[in-house]
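In what follows, structures are represented as structure tokens.
Note that subunit A is present in both complexes that follow, paired respectively with subunit B and with subunit C.
Then we have the complex of A and B:
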């Protein structure tokens, strides 16, 4: 059973909204339809990150490379929150973030590290990310950020 | 009822793993992604993790066995290993990966080899426990009548 998250209400049997309901705990619902993008080359991480974003009420797509992410945005897709892994196969995480900002993307961009050491964030921050985090991506960390986006 | 008993046994087993620090709260979030639309989620995630971790550990072992170690490639692999461990909730293994990464910082092969041994021990423990969880999940799913012959590809997406 998933743990309680601050501000969450007990589960109700409902299929309304764009959230998955889990027995025991109800993850948040938002006033706006929040859309997210996960950019992570690692299969397990990508699946879990997409799932966690979904549980937190974000309709999420996931891609494996920076190029694929940029292509998606160039095709007109818009997102409220974009999560980018630091180490991507050719176009790195910071390069992807920089490219997105150059394209005019104003979404919340989060840099993700598999392993973080102090100072690692400099390249990401210089590229224009709003925040960074060491994996795993957790609902407790995400929800306050999503609440801001929803307001 | 048998199903309830097994579910309780599984929960107790997972709690014991929490108590030993083998799993952390993130595993609960991962479990929370399993539902009636995705009944095999935990099984598939565990399978992906074990497969990938084994491959990556084998590659790190190969790199560290070389007379001249390619630390850049080794570091990339360690990041991958730590990312998967932490995203699953494998706390002790994630910590062991951090220690290995720390060892690569100084380019000291002997320290790296010792840290790698610890990663292997933690993976072995985690793998064994995850196999038990998978076995129990399979039994529960079979009892609940959800198991089918073939798991459709991409079903966890």
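Then we have the complex of A and C:
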């Protein structure tokens, strides 16, 4: 069966990473241990995004608010990739990203949106995100990004 | 023979959901997340979607009864609704959410109301189809039978 995702390698024996063999697809395993953080107020989105990050070999945590994400980082947690939803309840997505950069976070930060609003992308980019993407979080753009991080 | 027929029926049901545009490839991503440890992941996620969205739909309905309409609030609700619908691959519902946003942008209350009625219709149709699919899947032997790890 052809790989579902461009650039996917055939299955290789590896004890590293969080890859799963499922229906003939081999999700990648990485040289480094990649860690991810999902910041999304919706429980459903957190579950699904965390799951997809996991499928892609990223050990992922998920939090509901920008404040919780900032607290986690302040407590010493480090991440390779952070995805932040555009709409968070109090501290907004861009505010969260800005705060993280101020704290010295150098991880890949991706702003995620479900509906596009004028000015959102500019706001997120000004706050220091690396990219601004429409949901769903997809292995198609996630995996190449992770490959870069792994090198 | 009967077992194979059931299996084929479930497969046909599943494929028609994609062919008729009710679901997109995000649903396949959810299926990828299903395994021995989480054998009913898809059904659980879909159940969560319908549970949480019902509250959101009520909020949107109430917001649409206000005069004048608060388009900012409607936008925020719709963002949530589209986000959740996107997460499960509810293709037609997503499309209506996008359309709703277009009407909100120009302050077209009538358009918003009409579109939301359509979104609710698609939401309900999908719910019925998914319920039937999950029921058929549970009642027949499944391809990926769950065996506890030893």
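Convention: the second predicted complex is superposed on the first by the 133 of 151 C-alpha atoms of A that agree within 3 Å, B and C clash if a C-alpha of one lies under 4 Å from a C-alpha of the other, contacts with A are read in each partner's own complex, and residues count from 1 in each chain.
In the analysis below, a contact is a pair of C-beta atoms (placed from the backbone, for glycine too) under 8 Å apart; a residue touches a chain by one contact, two chains touch by 3 or more.
Because the structure is a prediction, the values reported are computed rather than measured.
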Clash or fit: subunit B and subunit C on subunit A? clash
Quick check on the superposed pair: does A:136 touch subunit B, subunit C, both, or neither? Answer first, second, both or neither. both
Partner chain(s) touched by A:128 [first = subunit B, second = subunit C, both, neither]: neither
One more residue to check, A:45. First (subunit B), second (subunit C), both or neither? both
Across the two complexes, what residues of subunit A are contacted by subunit B and by subunit C? 20, 22, 25, 42-45, 47-49, 51-52, 54-55, 85-87, 114-115, 135-136, 138-139
Mind pulling up the subunit A residues that touch subunit C in the complex? 4, 20, 22-23, 25, 40-45, 47-49, 51-52, 54-55, 85-87, 113-117, 135-136, 138-139
Footprint of subunit A on subunit C - complex, ascending: 26, 28-33, 35, 41, 45, 48-49, 52, 75-76, 78-80, 82-84, 86-89, 97-98, 101
Considering only the defined contacts, which subunit A positions touch subunit B in the complex? 1-3, 20, 22, 25, 42-45, 47-52, 54-55, 62, 85-87, 114-115, 134-139
Subunit B to subunit A touching residues, read off their complex: 11, 25-26, 28-33, 35, 41, 45, 48-49, 52, 76, 78-80, 82-84, 86-89, 97-98, 101, 156-157
